[in-house]
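Take a look at the structures listed below.
Each of the two complexes below includes chain A, the first together with chain B, the second together with chain C.
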Partner chain A sequence: MPQNVKLTREQIYFFTYLGIIGNIVYTHTWIDNDANRSAWVATFIGILLLIPFVLWTLYLGKFSPESTIFDIIRDSIGKFPSCILCFIFIAINICVAATQLTMFTEMLKVFVLQNTPPIVIIAIMIIIAFIVVNSDITVIGRLVEILTVIALLNYFSSFAFAFPKMINIKYIFPIFDTSLLGVINGIAFTTGTTSELLLILMMIVCNIPEPFKHRNWVISGIFSSAVVFSLAILIIMAMLSPELAKRIAFGGVNSARLITLGSSITGLEIFVIGTYQIIALGKTIMSMYCCWISFKRIFGERKTRLQLALAALVLAIPSILLKSYNSSYFIAVFLGRFIILPFLISVLILASIGIKIMKKKKGCVLK
Partner chain B sequence: MIKKSYTKLIAALTVCTLLLSTLTSCWDYIEYEELAQIIAIGIDYDKQTDNIVMTLQFIPTASSSGNSGSEQKSGKKGLVHSASDSTLYGALAELQQIVDKNFFYGYFKVLVIGKDAAQNILEPMMDLHDRTPAIRSSSYIVFTPGKAEDILSTIDSSHSEIAGNTLANLLDTVSTTGSSFPVTMQQFLEMLSISGLEAVGPSAYTNVENVEAKGGTIDHIRVNEQKEGKLMVSGLAAFKGGRLAGWLNDEEGMGVGWVLGKKIKAYKITQPKEDGKKEEAYFRISSSKSKIKIKLVNAMPSVDINIKISCALRKYYTENNSEFIDSKVIKELEEELSKSIKSDIEAALKKAQKDLQSDIFGFGFEFYRKYTGLWKERFEKEWDEIFPNIPVNINVAVKIPNTGTNIRSISVK
Partner chain C sequence: MKKYEKQAFKLTNKKAAKKSESNDINSNPVRPSEAQNRKIFTTIDDNFGFLTSIFGESIGLTQTKYEILEGKAQVGISYMQNNVDKNMISSYIVKPIIECTGDYLIDTSNLSVLIQSKLIHIPDVKRSTEMKQVVTALLEGYAIIFLQDMNEALLVGCKKADFRAVEAPNNEVTVLASMDSFTEDLEANCSMISRRLPTPDLHFEEYTVGRLSNTRVKLLWFDSISNLKVVEEIRKRIQSIDIDNIDGIGELAELIVEKPLSIFPKYRQTQRPDFVARNLTKGYIAILCSNSPFALIAPMFFIDNFKTMDDYSENFFISSFLRLVRVLAFFLSTSLSGLYVSFVTYNQAIVPSTLAINIATGRDGVPLPTIIEVLSLSLIISIIREASLRLPGSVGYFIGSLAAVVIGQSAVTAGYVSASVIIVIAVSAISSYAISTTTMVYPARLINYFMILMAGTFGMFGLINGLILVTWHLVSVRSFGMPYMYPLIPFDKEAVKDSFIRAPQAYTKIRPSILVHDNTVKTGNNTKKN
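After this line comes the complex of A and B, so read on.
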């Protein structure tokens, strides 16, 4: 088996960031609705709850270091179940990318490019993603590294100007003003939505050198993104009030629109929109990469460029056809609540069974 | 080898062509002169016809090309048009029919709402504005006991400034005296949404009435209505739920400002003292802090308002015999100031609790923050009955560490 290219510690760290922060930038209103003032706590805990699943994935990677999770299932359980899972995996990735692209495009249309056809914005994103995915995984890693740093700087440099004038501490306390059930719902939803991380991790686990040994690379990424994202929600709530924050899907943009610097600069939303663009691009790249690798597992290593073009096409078509922000929002909520994590857990269970079978087989051979 | 490099070149060219064909700026490109820049919107409601009157004020646009557009003709004064329709967007659409440029809200500063609109259509109106992303929520909101149309038609007689700009400037300056304070649309929406807190907003007045439409009338649209006059921002409009409850005068407005911790910069005492002697003092407030403490006494809420003020004496005149501004005089002034501020707060409390029965101080919100469970179980539902009878204890602690350079009164020979 050929050796896979290995990613660096920093690349894995930033992959984790971008893996977690996806559709949740729009659907966090759902957490606000469930958990009220404790939404940021629910977000923090919800993201941290990904750690067991991540450890599980990395642990499986330990037994077959050069394989993706689907390769383990193919090699142990068989090609047919692996292909079925790959098809579902591709479908989920398409949905994640399509909802992300549609929501981002609609946001751009609302605030900046009112007259630009959405197809143009989506096409640009898909073309850029195609060019990036067409290169090596390390190039993707480097790009993700740079983009994530820019995105974080963009986001927090704009909100730095909100302190202290626009932050109302009264909107934060009391932190726990809702029922325990509400907080649990918020946590469950966060874990479900941010499990988008596992989609990419299942593919790049073969590019992590000694995955289980280097589990801290991913865990530190999860912890940092939990801090960053819950802090972002906290700032939005403190600026808008929880009552208004729960009804605005572009909370970050709306908060940044309120920031004024003297009488000449009104609104710093362009920085936040820039961050959202980076997230949308990063997510599209990751989803395209996942689709492409899955296609390769189904159709083999023949005409791989054509397979990549196919992956780009299957991402582009639903993204263009979806058109509606509202539909995208509810599809993203549905995916986060009921689809992504349960599917990924089933894949992990099957892969674990596969590892058992492989071990048994090896044992038989030894006998 | 050559074939491979050709393939790469073709692929690169295809990608470049695709990217070039999708350059986005073309669709949204527009020249500055092609925009009708709205600086203020006024909304009135006619109860008899059940119609909404929308008034738009445009910024005068300088045209470099020399085209004789309608905005250019208006010189420095901008334009004010109004239209009436049964819906807000109907009125807006009518106004677009007479303006040959696209409406642009990038420089929007003030939303003015007339009394009848504030009483009858506030909720749907705010919801509509909130859902209009073109309008920034950081813009100011102002209420008027008269008509918003009259407010926007007023051109400041002293320097020919349009009402939108004058109002925005007045809101910034009037807050220093405390009789009113600016409220953004975002802050107003927050006050409308938060349980246990009622909304307040600044009120504006004009001496202009029944303005003639210089450009005539087409259908329901009045064209170019402006008249020289004076605008004033003073006091507050108070709300209960989604309806206007009443108006607060300067003193009451100041009382609300002190309780809500607004940054009041200047304050004066002009009342005659108890002994009948005249005293005038003007203070520059260097810091003020307000704290609302809520507690349960016999299972009923009770409020302590603690205000700490530090200020400098800037102007002072007294008919007292005191020659120097010594510690005794300062002590007396501190007491006078404390008493005066307390009386402002008492006036505001009386108005809010007894007349308007509207919790504009946010006592309910403070109660919710301290006794969250109790609020949800019982008090939230009963707050309207409880609020007018809440005992309020006011403590105002004033310090005057500085008195300026003249420590001795003028001696007339």
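After this line comes the complex of A and C, so read on.
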């Protein structure tokens, strides 16, 4: 088997960021609705709960270091079940990217480009994603690394102007103003939505050098993204109030609109939209990459560029057809609540069974 | 072909001419390529005839025969009048040979040894039996001594030193660093470097490239420091060059860099020997080329565009500040115009109200849309720069000042452009010249145009897409196999200390790990660490 290109610690760390912060930047209002003022705590815990699943994925990667999780299933259980799972995996990735792109496009339409047809924006994003995915995974890794840093700096430097004038402590305390069930619901939803990370990880596990040994690379990424994202939710709530935060869309952008410093600092939502744009593009790139690799597993290594074009096309069509923010929002919530994590757990179970079978076949040669 | 036919047999020496008529070698015209595998003839006349048939008379080939050692032996001396120091030939070659008496016990088979060791007072003497070497040496400023009845010649270095003197570097002016710069003389350039790094560990490897130009190229590196994979890669690329003519280091560089379609410079051209020496000690590799007053330093990383020699002479606080200023200047030169277009046409919310009113008042009556206004003024700035650069000093100055007055003052007064656009374009243009490498100025200007177009089409959304595409290009570029965004990506904690900022020498003890193969420690305990 050919050796895969290996990613660096920093690249894995920022891939983890991008994996976690996806549709949740729009659907976090659902967590606010469940957990009220403790939404940020629920988010923090919910993201950390991903760690066992991540460890499971990396542990499986240890047995077949140059393979994706679907390769393990193909080699052990058979090609047909692996293809079926790949198709479902592609469908989930398409849904994730389409909802992300549609929600971002609708946000642009509301705040900036009222007269630009959404199809143009989606087409541009898909073309850029195609160009980037056409390079190798190390280039994608380097781009993700640098853009994630820019996005985070951009987001938090805008909100730095909100301190202390715009922050209202009354909106934060008491932290636990809801039932335990509400908090658990919020945690469960967060874990489900942020399990988008596993979609990426299942594909790039073969690019992590000694995946289980270097599990701390991913865990540190999970931990810091939990801190960053729960902090973002806390700031939004402290600026808008928990009641408003759970009712309005684009909480980050709307709270950034409130920030003014005299008459010289206004309109910082432009920069926050920039962060959303980088997230949307990053997510599209990764979904396209996951689709492309899955296509390659199904159709083989023939005409790979054509397969990439096909992946771009299957991402573009539903994104263009979706059109409505509300539909996208509810699809994203549905995916996060009921689809992504259960599917990924079933894939991990099958891969674990596959490893057992491989061990038996090879007479325990696998360590 | 006809030229060679005409030039054949025209010897300066009559005897040689007579002899040549009866000689089979000279009875047919000779092409220069025929010298490739020829051995030197045993008679002086044959050698003279052969050279004359190759070069003709007009080139300035002088060939003279002398009887030496009181008629016991004969020698012939050939040289190109334009390439040699004639005084040197007469004083140190002809005079001692003619004045030599028969006191020496001569074994004519050892005549070449006698001439080389006892008579000629010039250290650069080579022996050759190949006509190809003789032809090349003649063109390079050597005098050739042929010996009668021997198929061997002495190649004596008498090159005329007509290169310009060492001057202060014009393109890379510094305040506190040294004031010498490279010239067109390859040997002088090498000596400027070896004077700074007098150690046998510094390797010089010479190549000749260009089928017609025979340009000499020297590859320099530290064997104990540099990454030998990079050395091997560069060596391979130089050896694979197959071209007629190479004028200078820029042309050579284009032939050896990967992905030549990238706009970013993947090598650094410098006039400064001190800069080359400093980089060699860090593990970089240098290439020098004859007739070029520049050295090429490879590989090059994005951050290297913001470094100058002054950085290492100044206090580290000041040099760190200046580097950050240069990085900011790069950002302004590439993005300021785009940001202006975006803020004025799409994202007005970010513009403070008083400034927005000023801009709106300034734009009152301007007939062009902002994007056209900004694009056309940027283009005019590029034209003015190009015009003033190509003209002689004082005229260029005049054109620059005239253009600034006409465009800066009259265009605004006439209402063709708004004053705020003039300010933005001027700041953007000036910022591009604050970057330390001249090769980064044009990429910055090109990115500027791209950003204006992106911002003019989609506002901030377009501008961020432009930023993403430029970043993607930056991270995908490699310079001689090394990632261009090093030390940021891949991250190297030690190398970052001398990147956007310059940490004090005491804290930068380790060389950039990607550039070195073994010896990483540059300050303090020089034990090998890997």
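In this text, the second predicted complex is superposed on the first by the 361 of 367 C-alpha atoms of A that agree within 3 Å, B and C clash if a C-alpha of one lies under 4 Å from a C-alpha of the other, contacts with A are read in each partner's own complex, and residues count from 1 in each chain.
Assume a contact is a pair of C-beta atoms (placed from the backbone, for glycine too) under 8 Å apart; a residue touches a chain by one contact, two chains touch by 3 or more.
As the structure is a prediction and not an experimental result, all values here were calculated from the model.
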First (chain B), second (chain C), both or neither touched by A:P65: neither
Which superposed partner A:S264 touches (first chain B, second chain C, both, neither): second
Partner chain(s) touched by A:P81 [first = chain B, second = chain C, both, neither]: neither
Partner chain(s) touched by A:L147 [first = chain B, second = chain C, both, neither]: second
Chain B versus chain C as contact partner of A:P117, first or second or both or neither: first
First, second, both or neither for A:P209, with chain B first and chain C second: neither
Touched partner set for A:I278, first chain B, second chain C, both or neither: second
First, second, both or neither for A:P318, with chain B first and chain C second: neither
Footprint overlap on chain A, comparing chain B with chain C: 112-113, 116, 121, 124, 131, 266-267
Touching residues (chain side chain B, partner chain A) in the complex: 15, 18-19, 22, 24, 27-28, 133, 136-138, 184, 186, 189-190, 193-195, 365, 368-369, 372
Residue numbers on chain A that touch chain B, as the complex places them: 110-117, 120-121, 123-124, 127, 130-131, 170, 173-174, 177, 240-241, 243-244, 254, 257-258, 260, 266-267
Sites on chain C touched by chain A in the complex: 346-354, 458-461, 464-465, 467-469, 471-472, 475-476, 483, 485, 488-491
List of chain A residues in touch with chain C within their complex: 8, 10, 108, 112-113, 116, 121, 124, 128, 131-132, 135, 139, 142-143, 145-147, 150, 263-270, 273-274, 277-278, 281
